[in-house]
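Structures for review follow.
Shared between the two complexes below is subunit A, which pairs with subunit B and subunit C, respectively.
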Partner chain A sequence: MCQVDEEYNALLESRSLPGVSRKCMKCKEGTAVLIIRAGDAFCRGCFKEYFIHKFRAMLGKNRVIFPGERVLLAVSGGLASSSMLAQVQEGLSRDAHKKLRFVPGLIYVDEGGASGQSLDERQRAVTQLEHLFQTTGFPYHIVALEEVFTLPTSVLEAVSAISESSASSYKTAVDQFIQNGGDSVGLRTQEPDSSLADAVAQLRTHDGQPSSCIPPADQSQALERLFASVKTLTAKEDLLQTLRHHLILHTARQRGYSKVMLGESCTRLAIKLLSSISLGRGAALAMDTGFADSRFGDVVIVRPMRDYSSKEIAFYNRLFSVPSTFTPGLDTKTSDKASIQRLTESFVTKLQADFPSTVSTIYRTSEKLQTARSGQTSDADPASKCLLCLCALDTAVEEASAFSATLLSERLSQGIKAAGSSPPAPAPAPAPVLGSDSGSAGQSCSSSAGGSGDGCCGGGGRGGGCCCSSSSVRLPVNSDLKSLLCYSCRLTIKDMTSVDTLPSYIGSEAERRKRRLEMRKEISEFLLDEDEDGDDEQLC
Partner chain B sequence: MPVFCSSCENRRAVLKRPKTGHSVCKECFFWAFEEEVHHTIVSARLFNRGETVGIGASGGKDSTVLAHVMKVLNERYDYGLNLLLLSVDEGITGYRDDSLETVKRNQQQYDLPLKIVSYEELYGWTMDAIVKQVGLKNNCTFCGVFRRQALDRGAMMLKVDKICTGHNADDVAETVLMNVLRGDIARLRRCTAISTASEGDGVIPRCKPLKYAYEKEIVLYAYFKKLDYFSTECIYSPNAYRGHARTFLKDLEAVRPSAIMDVVHSGEHLSVREDVRMPVQGTCARCGYISSQALCKACVLLEGLNRGLPRLGIGKHHRLHGKILAQEPLTEREERKLRAVDF
Partner chain C sequence: MAAPISLHLEFGGGAELLFDGVKDHHVTLPSQSDPWDMKQLLVWIQRNMLKERPELFVQGDTVRPGILVLINDADWELMGELEYQLQDQDNVVFISTLHGG
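Up next is the complex of A and B:
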């Protein structure tokens, strides 16, 4: 035992010695200025190379962005999106030995109306970001969240992208790009001129419209009413994210961008994965946290910063003076238990301090998940997608599932009886409380089965009754809207006092889908087995 | 202003359901709770008529409520099941003795046969002896592995057709979060299944009839029914990592009460990519039970205990797996790494 103790002590001593001063792990010459992981010490130059290489490797490995494609970078001014913007600038600069090949544009969504900022604060943030955007030379668009009240209903339709085999078409595009580049050198000199002209045109439009940053008063009031009608901060954050996505998607379509880049880091995606599980979005996890999110069809959302931890990004921004701004969100200065998203962020951050591999473990788990339903069949039928987040609906009431158990609990607690004060929705026969013979047992079983069959409509109606029990006029609107949503978005709508404050494009699309479902129900006996072809022919 | 039951509207409400937020009276709560468990059993088709079902009984609130509800529903709806209690004695002084006394009282109250299997019978080691060898840090690994296999072995002795355990919605949600935090993709795919009937031949299927019942409602049911149960925590379980997930889940429930069911719903709809490699199930070469390795975890841990190297099964031991399988002695250097050291 004495020998064993001595050897262990020696090992402990030897392990603590290298911490005094270290050399760079890569070049072995420069002094290490930071440690990314245990044992990975980098000097300044090697860290920059490592950081830049990871960004390009992420894009090159996934082969999603084609040469010449227009990509919209969503920049909020935070650390991660500013770092993403710096990487794109680095990759597109003249002196880079392998230039990135896409055409970038920038977008900033001003959410001050939702988080209660004053006009001066919002104007200051917009001015700061506008100055930053102008120095990049890329075309940029600054939109306010209030513009969701002028969006068309096409935002909620997933336009089917032309499905090609990505590998071969990517190679073909690269070959064509190389041939075009190699054929004429004159085109290269003209391209910078045209891009500069575009940038100048964009600058002119923005200079000519200084009042575009201030939204109209009625839209501001509508936004205030919308967020005031949401009771919990969890639902507010979920709704804000949904509306932000709709706004970015609309801008991308309008301006001709086929890709949107989000600057979400590894840490942010781990927090998002856990909070999505807690919100009931298990079916949509792959889209929420994967590299490519193709739920919108023609516009694909990519997350090139997902291999970086927030620690690496903070170090890079500080070492190389990447400018960034801070804009308060809905959960700024709130307590840990204000919302599920806030609680999850606090939990993951604290657990990361104790167990340093927490974030990377969660992140690697998200890489192995996928969307359960195949994308092609869900693209063909927009009625099988959620009205708000456009993910595949996960609310089919299976026999044994958490959803049907929740619906049953709601029904049993309220007591379905033929009393005068029963809700107007049709109620199945009540099961006997004290069943003693086999006949009653049979009735109980059949009524339970029948109840679960009607569970979706009944549960929706009951939920609507819970939300606005004082008014029976809104009951059909609320229950109809719920049937078009996925599990998690139903919880968000359930936390709203009224669905009238939602933007009009959501209500219009709900009405359109309802009419389409009724139309299909009327002609269902004439449809053949191949529903899609028959449906298309009849419509044509 | 007295609150009336939202179900019958006649009697005064005595509790507010954590699951749905409704105020209900005692009788309606009993009926709703039992109907929900019945609906789970029927919709998931957990049992068939004439089957013998072993109820995993530990004396705690979950298994006590499970035994009571199973007996009530078996009589009310005539499932035609043969119910009996199955308990595991870990050999923890001052803790398991009292809980087994509770199980014996449950046996008399519910008039169900009871079978107790102990670690000392099956493995030759009590939990007290294991803790002396291993220390307080990693003993939960031994207990969890041994108890699971002990339950299977006891079920085989009794020739039961199915085992049901008292896992509730909180346990299932906690397991989903734990598997995400640990990156265990194989368990993440199957940890929300209500029954393990589809996993291999020769294995007694397990099911969780209380899968959609909240833990708070189970306590409320036991309280109002005046059920006799044992509620002391294990004296050897400073399991820090699971405590993190449990604390997080309780905080989630405080923020949004339906979060527990939301996590279960997410777990049910998770889907794993096809190209992810999953472990293949087989049988252990030594004891014949189900295992994804040549030697199952219980045999590896038992070998470590018998050799005086309790850390043999903890951590990575893939290089030594061949030697353990062939029962060869280890080298001095290998043994030194595995020996327990007290600083």
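Up next is the complex of A and C:
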């Protein structure tokens, strides 16, 4: 951390504001237009070069995107993702040698239903973005968050990861691509414009919904119910992000994209790192904030903007007229203490204002994070991954651990509530987790019974069935779900009054995994144990 | 006595939500004995233009951390931040880089 000390010394003297116009520190000639990092002044031209170069260097350094690959860009319309789109356009238009070599597509997820926007506002935002997408000429998909209710359970199935590609295979792929004349899957500049326009037109009609299509009313209501059943803003934001990722993943898989690019800036990732720790997602930090996120197996999530601070992005967009829009989200105009994410954001930005190296220090720390792969969990075993976020489960630990201490204190603080009413939960988990499961299930029973007594009785339908009398029916569902989730997803679910409002694919995948676990338990005595060689069981 | 100054103010990145959603504003600052500087401009904006939630835009003397200020398309840090003296026909841009508007 010597580097931090160096900068720290310089900054402890109060930041002296330059009164006279400074010269660019790179070319020494142009007048400086902005200051980035901790005092580097750049002129307009040098800044543009620096910005563009950083993008390509980021992609080139981490050789994960192969030539000709189809990449889905997730564009929310905000500053960072619009900047990413502009960089991709810029990169694809260069001369042959240094050109970026992948085939992009665009996706926009309309989250207006979750953040309570009116249909008019959503329509306006969608039209604006569609216009923006059309000028780029790439195929685009506009997906409403309501479609999360029509997702198949295959979204949550862990697909085994594609074998790790080494640097040499990347190089051979690039050489081969160049030899083929740089046109394998039909790059933008090689194809005649008319066929591309045809393809785009075809894709648009294949989307099935013209942009003016409003999602069906029952889905909108279901979404409203889902977010109304979440009590805290923290959990809402977490849930929204999970659902958004599932939706993007599904679209990518459906349309044949093997990579997804997210436009998360350095500042945003630093905030995410700290708030993830506060949310209990420490085990998944490396995947959440790293450059390449391969938790979904076949589709890899890539974050090319992770080296840019939000100041650089905002300046670039302003100076070089990159179009962007602003859509109000869940946490717009909320106070600083409304959610953990919001609090962390205000903390980091305030600190950054006084100490400009805050964000880059956090970023450098996040680069050093790696996931410790525990030996027994294999990639292909779906039961070892969290149901919602698909990270490795971090809750199967032995008794003397911080996790079981947390659960124990939670149980004690609730009192021994409804200990006799909980049916034996059929979870083949180690003893402390089992005990805490029924404990937490007991707690959720009383809270859900209370909640469903108020809310669901009047609702009718499925909700009518979960009143106090049949709480024993609901109980296994809730406790089952918890045992399939990682610690932070459990906390999110705990904040929900009714788990039934979750989209059906989550529930059915949960049941499927439960059945598999039960089945495995049943036949476990017939399975050959690895350490008992001489034991030959009869396998008919 | 300084002459009244006309300015072109722009708001982006979500900051416009605090100003009725209007991104472009042309304002004229009344004349006063001392030249206008950024600090006084912020006070003026807070008093005359901010419709709601002043704490989301201004914090104490200066803008809230996370809101970038550009004066004539240059970083205001290079111009002296709050001490910069406004000239006629200046273009001041406020861009919010925060999630929550």
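As a working rule, the second predicted complex is superposed on the first by the 406 of 540 C-alpha atoms of A that agree within 3 Å, B and C clash if a C-alpha of one lies under 4 Å from a C-alpha of the other, contacts with A are read in each partner's own complex, and residues count from 1 in each chain.
Operating definition for what follows: a residue touches a chain if its C-beta (ideal position, glycine included) is under 8 Å from a C-beta of that chain, and two chains touch if they have at least 3 such contacts.
The structure presented is a predicted model; accordingly, all values stated were derived computationally and were not measured.
Subunit A has more of its residues touched by B than by the other of subunit B and subunit C. Once the two complexes are overlaid on the shared chain, A:A402 sits against subunit B while remaining clear of subunit C. Of the two partner chains placed by the overlay, neither subunit B nor subunit C lies in contact with A:A217.
Of the two partner chains, subunit C is the only one touched by A:L319; subunit B is not. Of the two partner chains placed by the overlay, only subunit C lies in contact with A:E345; subunit B stays clear of it. Those residues of subunit A whose C-beta lies close enough to touch subunit B in the complex are 4-5, 8, 232, 234, 273-274, 276-283, 285-286, 336-340, 343-344, 347, 351, 355, 358, 361-362, 364-365, 368-372, 394, 399-406, 408-410, 412-415, 417, 419, 421, 431, 433, 435-436, 438, 441, 444-445, 448-449, 452, 487-488, 491.
Those residues of subunit C lying in contact with subunit A across their complex are 12-14, 16-17, 53, 56, 65-66, 68, 70, 73-75, 77-78, 80-81, 83, 93, 95, 97-101. By the touch rule above, subunit B contacts subunit A in their complex via residues 5-9, 17, 19-20, 22, 24, 27-28, 31-32, 35-36, 38-40, 42-45, 76-78, 169, 176-177, 180-183, 185, 188, 194, 211-212, 241, 244, 248, 251-252, 254-256, 258-259, 261-273, 276, 336, 339, 341, 343. Interface of subunit A with subunit C (complex): residues 17-19, 21-22, 32-35, 41, 79, 267-268, 310-311, 313-315, 318-319, 326, 328-329, 331-334, 341-342, 345-346, 349-350, 352-353.
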